[in-house]
Structures are given as structure tokens and as C-alpha cells.
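Shared between the two complexes below is chain A, which pairs with chain B and chain C, respectively.
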Partner chain A sequence: MSEALSLYVARPSRVHQLHPLTKLALAGFMLVGGLLLPGPWGLYIFWALVTLPLAFLGRILNQLVIATLRVAFPFALSVFLIQGFLWTGGTPLFRVGPLSLKQEGLAFAIASTGRILMVVSSFLWFALTTRPDQLMATLSQRGFPAGLSYMIVATLQIVPRFQARANAILDAQRSRGLETEGNLRRRLKALLPLVIPLVLSSLIDVEERALAIETRGFNRPGQKTNLIVIPEAPWEPAARIGILICAVLVVGLGLWLR
Partner chain B sequence: MLYWLSAWVCGSGKTLNEIISLQQVTYTYPGTSTPAIKNISLAIPAGQFCAIVGGNGAGKSTLAYTIAGFVPHFYHGTLQGEVSVAGIKTSSTPIHDLVSLVGLVFQNPFNQISGTKFTVREEIAFGMENLGIPRDEMAARCEAMMALVDINELAERFPLGLSGGQMQRVVIASILAMQPQILVLDEPTSQLDPIGSREVLAAIRQLSSQHQMTVLIIEHKLEWLAAYADRIIALAEGTIIADGSPSDVLSDETVWERGVGLTRYTLAARQARAEGRWPAGLKLPVTLEEAIESFQAAR
Partner chain C sequence: MDRIKKDFSTLTLVMIPVAIAINIAVGQLIFTLKIPLYLDSIGTVLVGVLVGPWAGAVTGLLTNLIWGLTGLNVVSAAFWSVAAVIGVLAGLFSDAGWLRAWWKVILAGLITGLIAAILSAPISAYVFGGVTGAGTDVVVAIFRGMGLNVLPASFAQGVSSDPLDKATSFLVVWLIVQALPLRFIMRFPRAENVKPA
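Right, the complex of A and B next:
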């Protein structure tokens, strides 16, 4: 698994044992719940009371927090500086030279950072605890077009191979004397002999890959089967409905409090 | 396991004498003017282990794709003549119905890994899943095929992280798991080391004789073919230049010169003949056994 390009972290946890659809429902609940709660701090309370405990249950709290902060921090910083100081009107909290930190700008920045936090962590929580192949099998069993799920999963898998090929072409052209370092003009000149073989060989690959999935009967109409059993506890379908009801209630609550 | 093995034998039990039949087949790829294969007529009986040899551009792969139905279904272009496998005309049968009849393994194993599966076991099951095979039987076939090509220890590995040779074994296992009556292999050992090649070829040969599976293999390892193939078809410039037993085809001088090459045993005998130490009328050997015998006779 480690060689695969996926965020999945294998852990013996209750969350990992859940059916992918149940996790998808939970992630969706976190997303709408988090986004619709009013006030600058509602999101953070929701995050601390729902997302973090769920991540803790999935034994991926560290990975989730680190990855979320890595994505959210640059955004948070820019939003604080821009909205906090450049907010027109509003109540100034304190001055730094010609600029002043506005209370309303600050509140806006806190709320938008919370939203990013929520979107990123809901997605990460799902991705960290769900095997992509199980997700694909689930989707195809539920009538999701096989071609579409193939596109999503296969594309992610092929990225490392594509990178390896790009490096091979770079090495091959360098060994034949192509200069790839130096000033901008030289680098631009080197781009064409690198891009053309990469694109052409990838196109040839696409044809072979299409041939390959045909040899395995991918386009055969009719019922497909799955080797892997996706475990699902008997209470999970009911739980999913419960989660959806909760999500609707949270949406209602959010709209009412607004 | 016995259950599916017997099912397989019974499935292919209707012994059609000619399982592959080509009648005056000419095929031109789209965008080209010269045909890749010209006027090929061929009949292959069920259960035969048949090799295709020839130089670059001789039309070997095209012939393989034609028998598997990818010509004309996948490559389009113009196909003349008639191709039928197990009594079914390939030109009028969709490719997804042909795949359970004819399995195709092509040269580059990297591109034949589906890219959607995260373990070798699931990768082998991919074709069977598409055919709608029940789970228990899939699991049994997966284990049997992994044992056959000796990759049991790779079962939980990520398929795209394997070496070329390992991938080649996975690809062969995944096609065999679909239990085709005919197996078409286009240089299946290109990524394998000599020992690995022998192992894989021996496994395919064994399957072919045990289960009456017809095998059509494009392979350059002439010494191996000379010893194990039932029949060799030599191609050059899109036409059949020789067709017969390995000893007849590989000892034919007109065949060597047209891109096929010759075995090391034939090479040694040819050298002896050039030095005037080979009795006139003694056939040139193509296998080790023949070489020992005829060199002793020539002494």
C-alpha cells in the first residue's frame, strides 16, 4: 500500500471498519454542519466537538491535524492580514502605523479560516480512513458508472509512473547534451525536447491502457462482481439515514440562527 | 480448486478441430497504405502450442491482435478475409464477448496493469469481476493462478510497485484466471530473466497440455520453442514464409535469412558445415538432444 499514491493510513480502528458510504455520509455531515453554523466561532466548536473526536476514534488525529494545518495556515495568514487590516470602516482594535486592525475584519478572517479548516479536514478524515479500492468497489456496486470511478482511481495511480517517465526523459536528454540549467532563455529552449516525448509516449500509453482494460472485459455489459468484501455492520444503513437527518437538522439550525 | 479445473476442462470440452481459422486475411492499419499482414490463411487445432516467429515489422503482433479480435474492433482499419475462433466470427462479435474466449497478453506489462487495484490478488481478480464470476470461485482461481506463476508471496503487494518481471507474471495470471480457451501471448517474457522466462513458459506449456488450452505465442527464445512448441509459424513482411514442426522451420535456411534467426545448435552445425565437417544430407539440429545426436553422427 505504501507505494500507492493515496492518503489512506491503515489503522485498526472502529472508523476504518465502517462502510465507505457511512464515512462519506459522516464527512458530508461535517462539511454542511461546519459550514452552516453561524458566528466566527461556531465552526471551531463544531470542529473540536465532532471532527477531532472522529479523527481520534480513527487513530489519525495527528495526521489529520498536521495535514489540515499545513493546508489551512497559509490561507489563514493571508486572510488575517488582508481582511484584518484592510477592512473598510469597522471598529479599530489597535493601530500599526497607518493601518489598524478592525474587529469586523478579524471576525470575518476567523470565520473564513474555519470554513477552510472544515472543508479540508472533512475531506482528509475520509481520505485517511478509506481505502480507495473499497470506495471504487462500493461506488460501482451502487450503480456509479465504472468508467468514471476507473478514471478517478487510475489517474491517481498513474501519477507516480508519469513522474518517473518525466525523470527518465530528462536524464535521457541530458545525457545527449541537452542543457536544462542556466538562465530562463536556456531553460525555455530545453522545454520542448522534454515535453514532446513525454506527451507522445503518454498518448501511446493511453492506447495500450485502453487495450489492457478491454482484454479484461471492462466494457462488458452486465453485472460485475467484487473479490473484496466491504464489511458493513447491520446497523450501518440505518445509521447513514440518521446521519442524513442530523445533517438536515444542522442545516435547519444554521439557517434559523442566522 | 478441482471444481473449477474440471469446469474449465468441460467448458472447452467441445473439441472443435480448428479452434482458430484465418482465411485469406489481409489487414491494413488506419493511416497506412501497406498492409501489416497479407493474405494469411491459417488453421490451428484446439490444444496446439503454436509459436509465431519473425523479425521486426513482420506482422507478428498484428496477427496476434487479429486472432484476439482487437483487429479490427480496437484498431479499426480495413480487414479483408475471415477470422473465426471457436466457430465464432471475430469481426461480428464484440470484444467484450471475445475476451472470455481468447486471452491476450501483450508486450509491455506496465500498461497491462489495470491501475485500479491495490493488491496483486485484486488485480488478478479484475478480469473475473468484469465477467461477473462469483466471489468464492474468483478467490479460488486467484490462489491457483498465483501458485501457477509462483507469485503467492506478492499477493498483498501494490501491483504498480512491482518489477517488470513480477508484473509480467501478474498479467499472465490475470488473463489465465479468466480461463480463455485460447491464450495469445505477445512476447510474454520480455521483462523476465532467463530462469524466470523458463519458469513462466513451462507453466504455460503445462497448462496448455493439461487443459487442452490452445496457445499462440510470439517469442524470440528459439531454443525453448524448438524443444517445446508443437508448431512454428514464421512470418516476414506480413506473410507466412514457413509453417511446420520446429525442426523443419528452424533448420530452414531461407527462414533464417528473413529475420527469424537460428538456434545456437543450428548455428554450431552451420559452422561445422562451413568448415566441411558436416555430412551432406544430415539435417541441421535445432535442440540440444538433436545436436548431441547429430554431432556424434557427424564425427
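Right, the complex of A and C next:
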């Protein structure tokens, strides 16, 4: 099996042993909290009190923080510069040349950065601790349409192969003299000789794949046996309900404090 | 319901992951070439055109969710609804017969881009504070500097880049369809929409 597209980091941790659905519920809880908690600082407190400890428990604190910052930092910079200094009206805090840092713009930037931090880190926390194939196996065992889970798992496997193919085409066309650097017009002219071969070559084996999975009984109705069994602790279903109740409470709190 | 079932044949189920991979691979190729477009919806438009609006929507939605959830492009996950609408629109334009003439293809792309800009502005303004951490932030900065608010500035940025991007995507899809063997195209439910007259 070729390498699949995934951030998963294998660690012997309590978080990794959790059932994928429990982790999904926790990630959803963090996401909801991140999007709905009011005020510029509420999000940061929530992040420090919920997300970071969960990442610590999963032994992926380093990876989570690095990956989150890599995504959030360009944002934070952009949002501080653009909204902080170019805010229309507002109370100026201090001036730099013709521009001034506005209090409202700064508060907006802090709140936006917090929201990005929460959204990104809840996604990453889930991706770092959950194997995609296990997640999909769980979902299809719970009645999630088999077609949909096939599409997701297949995508995760195809994407790395496609990226490799895209690079091969790039190298091949370059070696035949295609100019991929220089001014914009030149780069635009390189677009079609790269995109068309990539798309056409990838579509050619679609038909064969369809026949292959049909001959393996993909469309056969009725109960199917699962190869992967996902372990679940007896208390986990109850815990998931608890997490969902907490999420609803956070939504209520968020709306009430607004 | 029957129509949907017919659309989601085994061929479609196999086609969608390939289309998603096309979206992601081409999107990253464009990034490498430093072309100021996204072109990350070629696969979505292709599925919308050949299989129909529902399959197009699924392709767009899954592209952004998978791209985001795997941490490659976390930002895109927030725009899943926009991606789904692009797939639906591609399907509708295909049904309306707009994929038969190149100028109608460009027009369809421009309209799709305009709608995408309208839909993505509130998301980028609310979730991301109007910026995406990408090169297009310069455009947002210019509009903010002209005195526009967060939401109008995001919208103005969208309008200045999305229609061109989607028109290019639609045109590329049209070229691909012209280059594909007819035997392959005829296997798809909406082959009639793109078949040369």
C-alpha cells in the first residue's frame, strides 16, 4: 500500500486509544467553543484550558503547536497589519507615519486570530491522533454510506500519487524546454502543457478502477464483514453524550454572553 | 431520487476521488508556478459538467474538507459550502447547454466566480477577519485603505479574483472535455450536455 495522505502521528497515548467518534465529538466541541465564545480573550483561555491539555494527553503537543502556528502566523500577521492599521474610524492608540494603530482594529485582530487558532488546532488535534482509515471504518460500521467512505479513503490514497505525477510532468515538460519561470505571461503559457497531461492521464484509469471494484462486489447489497475492528471502552458512548451536552451548553453560554 | 441514484454510479464514485486529487494537485501546481489564480476547482467543475450538480457538490465539499482536515490547507475547510455551490453551478450550466460554445463556457465561469465571491466574503470576514494569509491579502489591504469595511473589502477582493479564476477553470475543463475520447465521455450521465453537435 502506498503512503496515504494523513497527518497521523502514532503515539502510545490515552487519546490515541479513544474511539474515533469520541475524538470527533471532542474536536467538534472545541470547534464550537472556538467559533462561539465571545470577547477577544475567551478563545485564548479556552484554547489554553481545553485544547492544549488534550494535545498534551495525546503526546502531540509539540506537533500541534508547531503545525497550528505555521498556519495561524501568516494570518495573525496579515490581520494585525490590515485590520489594526487600516481600520476605518476608531480610537488611535499610537501613530506610525501616516497610519495609526486603532483600538477597535486591534481587538478585532485579537479575536480573529483566536478564532483561527481554535479552528485550526481542533482540526489538527483530530488529524494528528486519528487514523483516517479507522475513522472511515467506524463510520461505515455505523451506517455511514459505503460509497461516501470509499470516496474519502480513496482520495487520501490517490492525492500523494497525484502530487508525485504532477511533479513528474513538471520535470518532463521542463526537460523538453518548457519555461516555467520568468514573467507572468510565460508562466501562464506553461499552464496548459502541465494541467492537460495531468488531468487526462489521471482520467484514463477511472474506467478500469470502476470495473475493478465492481468485480469485487462493491455494489452487492446486504451485510458486509469488516476487516478492521475498532476497540471502544464501555464508558465511551456515555462520554460522547456528555461532550455533546457540554457543546450545547457552550453554544448557549456563547449566545447569552454576546 | 432516481436521478440522484443514476448519477452516483460506480463510475461516479471512482471519478470523484480522482477529481478531488486533480483539484488538489493542480491547485498546488499553480502555487508552484506562482500564478495569481487558485485553479483548485477544475475537478469539481469537470464532475459537475459530466455527472451533474449533486456529484459536483459532493466533489467540491469533499475537496475542501479533506484538504482542510489533513492539515494541508486548513483554511479551505471553512469554504466547503462555496466549493459545493461551484459544483452545483457547473452542473446547472452544463444542463442548460452552456458547455457547447467556448464563449458561453467563459460566461458561465464568470457568473460562477461572482456567486462564489458573494458567498465566500462573509466566511472570510467572520472566520478569518477578512484575510487568508495568502498573496491576495494585499488586495484586501488596498480596499481597506480606501475606507471599505471588513465585509465589503473581502467581497471586493473576491470579485477581483474569483470570476477570472473560475472562468479559467471552466475553460480548462472545456478544453479537457474536447481532448477526452468520446467513448470515455459517453459513460457519464450528462455526456449529451458536452457532446459536439
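The rule we apply is simple: the second predicted complex is superposed on the first by the 224 of 258 C-alpha atoms of A that agree within 3 Å, B and C clash if a C-alpha of one lies under 4 Å from a C-alpha of the other, contacts with A are read in each partner's own complex, and residues count from 1 in each chain.
To be clear about the criterion, a contact is a pair of C-beta atoms (placed from the backbone, for glycine too) under 8 Å apart; a residue touches a chain by one contact, two chains touch by 3 or more.
Since the model is a prediction, treat every value here as computed from it, not as a measurement.
J.: Applying the touch criterion given at the start, work out whether A:L255 contacts chain B, chain C, both or neither, answering first, second, both or neither.
T.: Neither partner.
J.: Just chain B (first), just chain C (second), both, or neither: which does A:A154 touch?
T.: both
J.: On the A-aligned overlay, A:M136 touches which partner chain: chain B = first, chain C = second, or both, or neither?
T.: Only chain B is touched by A:M136; chain C is not.
J.: Should A:L200 be classified as contacting the first partner (chain B), the second (chain C), both, or neither?
T.: The second partner, chain C, only.
J.: Just chain B (first), just chain C (second), both, or neither: which does A:L244 touch?
T.: neither
J.: If we overlay the two complexes on their shared chain A, which of chain B and chain C does A:V71 touch? Say first, second, both or neither.
T.: Second partner only.
J.: Please indicate which partner A:E214 is in contact with in the superposed arrangement: first for chain B, second for chain C, both, or neither.
T.: A:E214 contacts both chain B and chain C.
J.: With both structures placed on chain A, which of the two partners, chain B or chain C, ends up touching more residues of chain A?
T.: C
J.: Under the stated touch criterion, which partner chain does A:G222 make contact with: chain B (first), chain C (second), both, or neither?
T.: First partner only, chain B.
J.: Can you list the residues of chain A that meet both chain B and chain C?
T.: Residues 6, 132, 150, 154, 158, 161, 209-210, 213-214, 218-219 of chain A touch both chain B and chain C.
J.: Mind pulling up the chain B residues that touch chain A in the complex?
T.: Residue positions touching the partner: 68, 70, 74, 95-97, 99-100, 103-106, 108, 110-119, 121-122, 125-135, 138-139, 142, 158, 160-161, 174-175, 178.
J.: Along chain A, where are the residues that touch chain B in the complex?
T.: Against chain B, chain A makes touches at 1-4, 6, 131-133, 136, 149-150, 153-154, 157-158, 160-161, 205, 208-229.
J.: What part of chain A is in contact with chain C in the complex they form?
T.: On the chain A side, the touching residues are 5-7, 35, 67, 71, 73-75, 77-79, 81-83, 86-88, 108-109, 111-113, 115-116, 119-120, 123-124, 126-127, 132, 147-148, 150-152, 154-156, 158-159, 161-163, 165-166, 170, 180, 184, 187-188, 190-192, 194-196, 198-200, 202-204, 206-207, 209-210, 213-214, 218-219.
J.: Inside the complex, what are the residues of chain C that reach chain A?
T.: Per the touch definition, chain C meets chain A at residues 8-11, 13-18, 20-22, 24-26, 28-30, 32-36, 39, 42-43, 46, 58, 62, 66, 68-72, 74-75, 77-78, 127-134, 137, 140-141, 144-145, 147-150, 172, 175-176, 179-180, 184, 187.
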